[in-house]
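Contents: one structure, followed by commentary.
Naming follows writing order (A, B, C and D), and every chain is counted from residue 1.
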Amino acid sequence: MFFASDNSGPAHPAIMQAMVDANEGYLMGYGQDDLTHAVQARIRQIFEAPRAAVHLVSTGTAANALLLATLSHPWETIFCTPESHISEDECNAVEAMSGGASLSHVRSVGAKMTAETLADALETRGGGVHSPQRGPVSLTSVTELGTVYSPAEIAGITEVAGAYGLRTHLDGARFANALSVLGCTPAEMTWKAGIDAVSFGGTKNGCLAAEACIQFDPEDSWQLELRRKRAGHLFSKHRTLSAQMQGYLADDLWLELAGHANRACARLVDGIRAAGLGDSFVAEPQANMIFVRWPRRLHAALKAAGATYYITEGSLEGADPDALLTGRFVCDWSMTDTAVDTFISHLTQAVASGAA
Amino acid sequence: MFFASDNSGPAHPAIMQAMVDANEGYLMGYGQDDLTHAVQARIRQIFEAPRAAVHLVSTGTAANALLLATLSHPWETIFCTPESHISEDECNAVEAMSGGASLSHVRSVGAKMTAETLADALETRGGGVHSPQRGPVSLTSVTELGTVYSPAEIAGITEVAGAYGLRTHLDGARFANALSVLGCTPAEMTWKAGIDAVSFGGTKNGCLAAEACIQFDPEDSWQLELRRKRAGHLFSKHRTLSAQMQGYLADDLWLELAGHANRACARLVDGIRAAGLGDSFVAEPQANMIFVRWPRRLHAALKAAGATYYITEGSLEGADPDALLTGRFVCDWSMTDTAVDTFISHLTQAVASGAA
Amino acid sequence: MFFASDNSGPAHPAIMQAMVDANEGYLMGYGQDDLTHAVQARIRQIFEAPRAAVHLVSTGTAANALLLATLSHPWETIFCTPESHISEDECNAVEAMSGGASLSHVRSVGAKMTAETLADALETRGGGVHSPQRGPVSLTSVTELGTVYSPAEIAGITEVAGAYGLRTHLDGARFANALSVLGCTPAEMTWKAGIDAVSFGGTKNGCLAAEACIQFDPEDSWQLELRRKRAGHLFSKHRTLSAQMQGYLADDLWLELAGHANRACARLVDGIRAAGLGDSFVAEPQANMIFVRWPRRLHAALKAAGATYYITEGSLEGADPDALLTGRFVCDWSMTDTAVDTFISHLTQAVASGAA
Amino acid sequence: MFFASDNSGPAHPAIMQAMVDANEGYLMGYGQDDLTHAVQARIRQIFEAPRAAVHLVSTGTAANALLLATLSHPWETIFCTPESHISEDECNAVEAMSGGASLSHVRSVGAKMTAETLADALETRGGGVHSPQRGPVSLTSVTELGTVYSPAEIAGITEVAGAYGLRTHLDGARFANALSVLGCTPAEMTWKAGIDAVSFGGTKNGCLAAEACIQFDPEDSWQLELRRKRAGHLFSKHRTLSAQMQGYLADDLWLELAGHANRACARLVDGIRAAGLGDSFVAEPQANMIFVRWPRRLHAALKAAGATYYITEGSLEGADPDALLTGRFVCDWSMTDTAVDTFISHLTQAVASGAA
């Protein structure tokens, strides 16, 4: 019953095997090798973007910060939701790598901004020399609350950005999970909807540590390479990253893993609803991560039963057993039906005994 | 005949196996797991430094820049040799992560500074508010010219630094190779000689991408953790790094691999000397990397024979066949006697036919 | 009828005279002169803070950014209101000088945070390595909406900050105007209420370009000097700054000028109320700056009559004559009763003819 | 006998008067005023550069760092001499404002690089992703040793830079003094010789604190404005700067003052030669600053006689009376013949009594 995060599980065996297979003989370093070139070509193909620049890094924070630094100037402000990973969970990485750009929050519902709230936010940042200048817009999908932007929603947002001449970034740490929900193509979810750059995640969906920075317009790709180098993110033994990506993308493994994680989460959601807690979701469950508001006593019972997940608002310690605390549950590619069912059984029992 | 770099070879099979073995089940992310803790403890033990803070990262540039940023202030200047990796090959990574500290060059022979040249350099950077302030001293061993500092030399340098209240860093991308030359203990090569922080390399000696940042005084270790996070260098699936280090350090594999690489290089050096080119070394061969000054025609012959290595000064293209170009040869843990002997045979032949 | 800003007027003649008087003979540069030392001593005396470090700079943005950079670390987030000058009007100066610290908004009423809203904001920024770490709290008084914190309010806020071990900064670009409202001592408005550092403004109150950075705890004063130097803010001919400050502080001129500006603004407020527009204030008028919500037609009439001031929300261009636009009026030390009365007479007339 | 620096004297009375004259009535802030526009136009005229962008700041360090930050990228290295002010005396200001660009030293004679030494330095910085990338070239004239580049020398250097696609900057803290030596036009000393940007100094030549940033290609001028703002260098009461520049440039005052300073220095040089110390100059005296190598006993005698100047190498304290120490003498616009003659008389006497 391990629902703490999709970065806590192991890598998929096929990806490990790809790393082992690639671990033979000498290869020129720093990405100047055939395996890396093949992976770059494969990503271009998947995104139907033959001109795109593709660079591999090992963490999502690196991908986000390097891409946003490349899209922005230090005197600009980057528009994002208050819940966004770049604002909440990267310890000022974007500010650091961009040389001091700031973040401006756009009002959100379910961690999603809209074309309208973005337009409002853009209006409050002015044109004069005093205000931080308007910079790129960064979306996350799957969002930090587990919701997913439709291509039409993304297109609406990027249209507003475009009217101000601003470029757009998609934090796709859970790209495959979002894609699996939408049933569209990677191109439809990104550049066809106006996205300029994507952090294409692998780590949360079966890789060990592999993300791709995708720039659909390759004009600034050399800048990104230089930024990656000076951030210490250029791997010498580059197969460490490219072999993972190769394994991840081979035979649509990435889609299969995300589909599995989403289905496991759907099973969890069904169980929660069946237990009568269908009203407790903080945002509409869509992908592989959900948030619920449950009484402290219920959380306590589940933790006591051995469930592992994060309380993201409030604390288990506290006097009032009825106080509502927010819990986060994430299913990764390796989540089993058994684990979900065991959890639901504990949940149902706890609810039956009056814990909720 | 692949002598291009010790970061071009594969990982050692035992290290890959450690990664595969660790790839089971859920583990709390971001280094909060038993495997990581065990590796940290092992490194403390190896260095006889029970209080040391140990943090894992994936590249040497990250290790160097994070440690030096933690040791310095943005208004300080870091003392290093003109040949140092941080000055020549990190695309301003130290400047970036430190928030704008500068580097000051200390005169060197064979890429090694001395207590005297450091003292001279320190004198030229003043105490007033106008000059960059004196900051930490950074050494590399094995140096960028393949030489090695003795513990006594290091102690002399750190003593000068200490007289100014400055802290010291050792770039140990090839730490094991240096240690193998010296035959001393890791402690004798570092903190017992006055070193405050070490970039302890694994990547060039059999790992895929794993380095340890060691701070002997743990006072600033939380700062280093925050810097690592905001630089995008905190791995969520931390076993990616810790499993490599575990395999690397188990059964003294790291020492065995470095010893092998050094011996392969010594065999190469012996062959070069036997071919009558003993005077061509740029610096005294000591570890697993050498530099030689050879005529263009000799380089051309060796390249034609299939040898892979870098020309680091001058270019193969050029009219004068007698022009001296510098070549760099590096042996990694996987270098075979056959490869060395084949190369030497080509070299001997070329010399015999008048190429040198 | 010039109400555009208190940085648009001339310097007070006595301050110009002080500059002229100081412009004789040689003085050691960079603040190592008796005039500067005397000014520093005078400021310590005024603040009853004999240990305080005092450094002069030429702009308020420099004072704010240098002090906040000194109070913070690059991985921290600085707490301020959404209206704060550092967030809205300094083009990421704090982010730049701090090396990438971020700003976090604290809910405000009338541009003032409260102990409660600060406590809420502090709770949302966590302790782990992922979140930007909690950094200093920055208040502005007179605020960007013209309101003033009472010493008790400040004390409540700094107490909350102190409970988290955080230090506090006061942006006092209009320090004298606030002090004049409160009728307390400079010490009561600052360190006695828990403030650690003050941007003590002169430019908006009769100087040409002179602000003092005050650190009540001098421990980091050398750091501030180094930061000032590397930001290009260390004046060589330091009398340029110190002579202004000398003239500003002599014979309580600074208090007299602020009192005058505040009284001129009160006269303006009285006139607006007498014209029947007492409900139009965006925030309670207290000092020398007010904001009003008036119909577009009224603004148009006043602009046509020759009044100069900023429309800070909305635009004069627009179809609807009844649309409410926010206007900002600021009185500086040189505002005359005649100018105020003329404006009020135009206003009264316009209201009478149905413009409001 | 005050030869410490040309930033220690007063402002010229005509410049003070211009400040007093400008101190009347309201002016729109931040440089949006007629006086500033007039000064910008005048500088364009003086430089025969009708398209040039001109922005005023208060210090030379600000001018240098803002211009070089605008000319460079953070992953680049800026080429300068080891003696350059940006390397020695700005406490990493360029590194700070550029977001972490580095400086690379070019070999110099008399603090001047040459086309050849620049070409050598450029060759050592490579094209790959690892090395800091080649960035702009920065010259100083009058140099930090008092020498002056001829237009032909500058043209030779900028041609080399241009061959690498690099832009060039001139630190003209003593621009007028250099111009006065050369007897050419400002255009010939700058853009006609290939210079892209100039720090045009006023502070050392009769202003209080005023420098102009000149960009001959105005393409990046908005970037410079934003950088100036976020560095806290945008003056609200902009007449503080523009009035100084107005007075400085009116009636060729700037040329007159520099000519005077240079002549005073030439008189000093003549006296030193007449005293038999013509061999003691560190570099050929050309403008208003000289360096001499004299025995400690001679310095002691002159200091005892009341001369004020800096010992820039070595220290007056020390046992050996014959040890050679370097002294720096600078004449500013206000230097009198009497002061020079008095000094020479003391010098001659000291030499006669065997001090040299």
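The rule we apply is simple: contacts are C-beta pairs under 8 Å (C-beta built on N, C-alpha and C of every residue); 3 or more make two chains touch, one makes a residue touch a chain.
In UniProt terms the chains read A, B, C, D = Low specificity L-threonine aldolase.
Predicted model, so just to flag it, every value in this text is computed and none were measured.
Participant: How short can a chain-to-chain path be from chain A to chain D, counted in steps between touching chains?
Facilitator: When the steps are counted carefully, the minimum from chain A to chain D is 1.
Participant: Please flag the chain sitting at the greatest distance from chain D, going by CA centroids.
Facilitator: A
Participant: Where are there more C-beta contacts: B-D or A-B?
Facilitator: Output for the comparison: A-B.
Participant: Note the rotational component of the Cα superposition from chain A to chain C, reported as an angle of 0 to 180 degrees in steps of 5.
Facilitator: In short, 180 degrees.
Participant: Calculate how many whole Å lie between the centre of chain B and the centre of chain D, each centre taken as the average of the chain's C-alpha atoms.
Facilitator: Chain centres of chain B and chain D, defined by C-alpha means, are spaced 41 Å apart.
Participant: Starting from the mean Cα coordinates of chain B and chain C, work out the distance between those two points in Å.
Facilitator: A distance of 52 Å separates the two centres.
Participant: With chain centres defined as C-alpha means, what is the inter-centre distance between chain A and chain B in Å?
Facilitator: 35
Participant: Got the chain A residues that touch at least 2 other chains?
Facilitator: As it turns out, chain A has residues touching two or more other chains at 74-75, 90-92, 96, 99-100, 129-130, 133, 226, 229-230, 234.
Participant: Would you tell me which residues of chain B are touching chain A in their complex?
Facilitator: Residue list for chain B touching chain A: 2, 4-5, 7-11, 13, 16, 19-20, 23-29, 57-66, 90-93, 96-97, 203-204, 208-209, 226, 229-237, 239-240, 308.
Participant: How about chain B: which of its residues touch chain D in the complex?
Facilitator: Touch list, chain B to chain D: 74-77, 88-92, 95-96, 98-103, 105, 129-133.
Participant: Enumerate the contact residues on chain C facing chain B in the complex.
Facilitator: Those in contact with chain B are residues 30, 73-75, 99-100, 129-130, 133, 223, 225-227, 229-230, 234.
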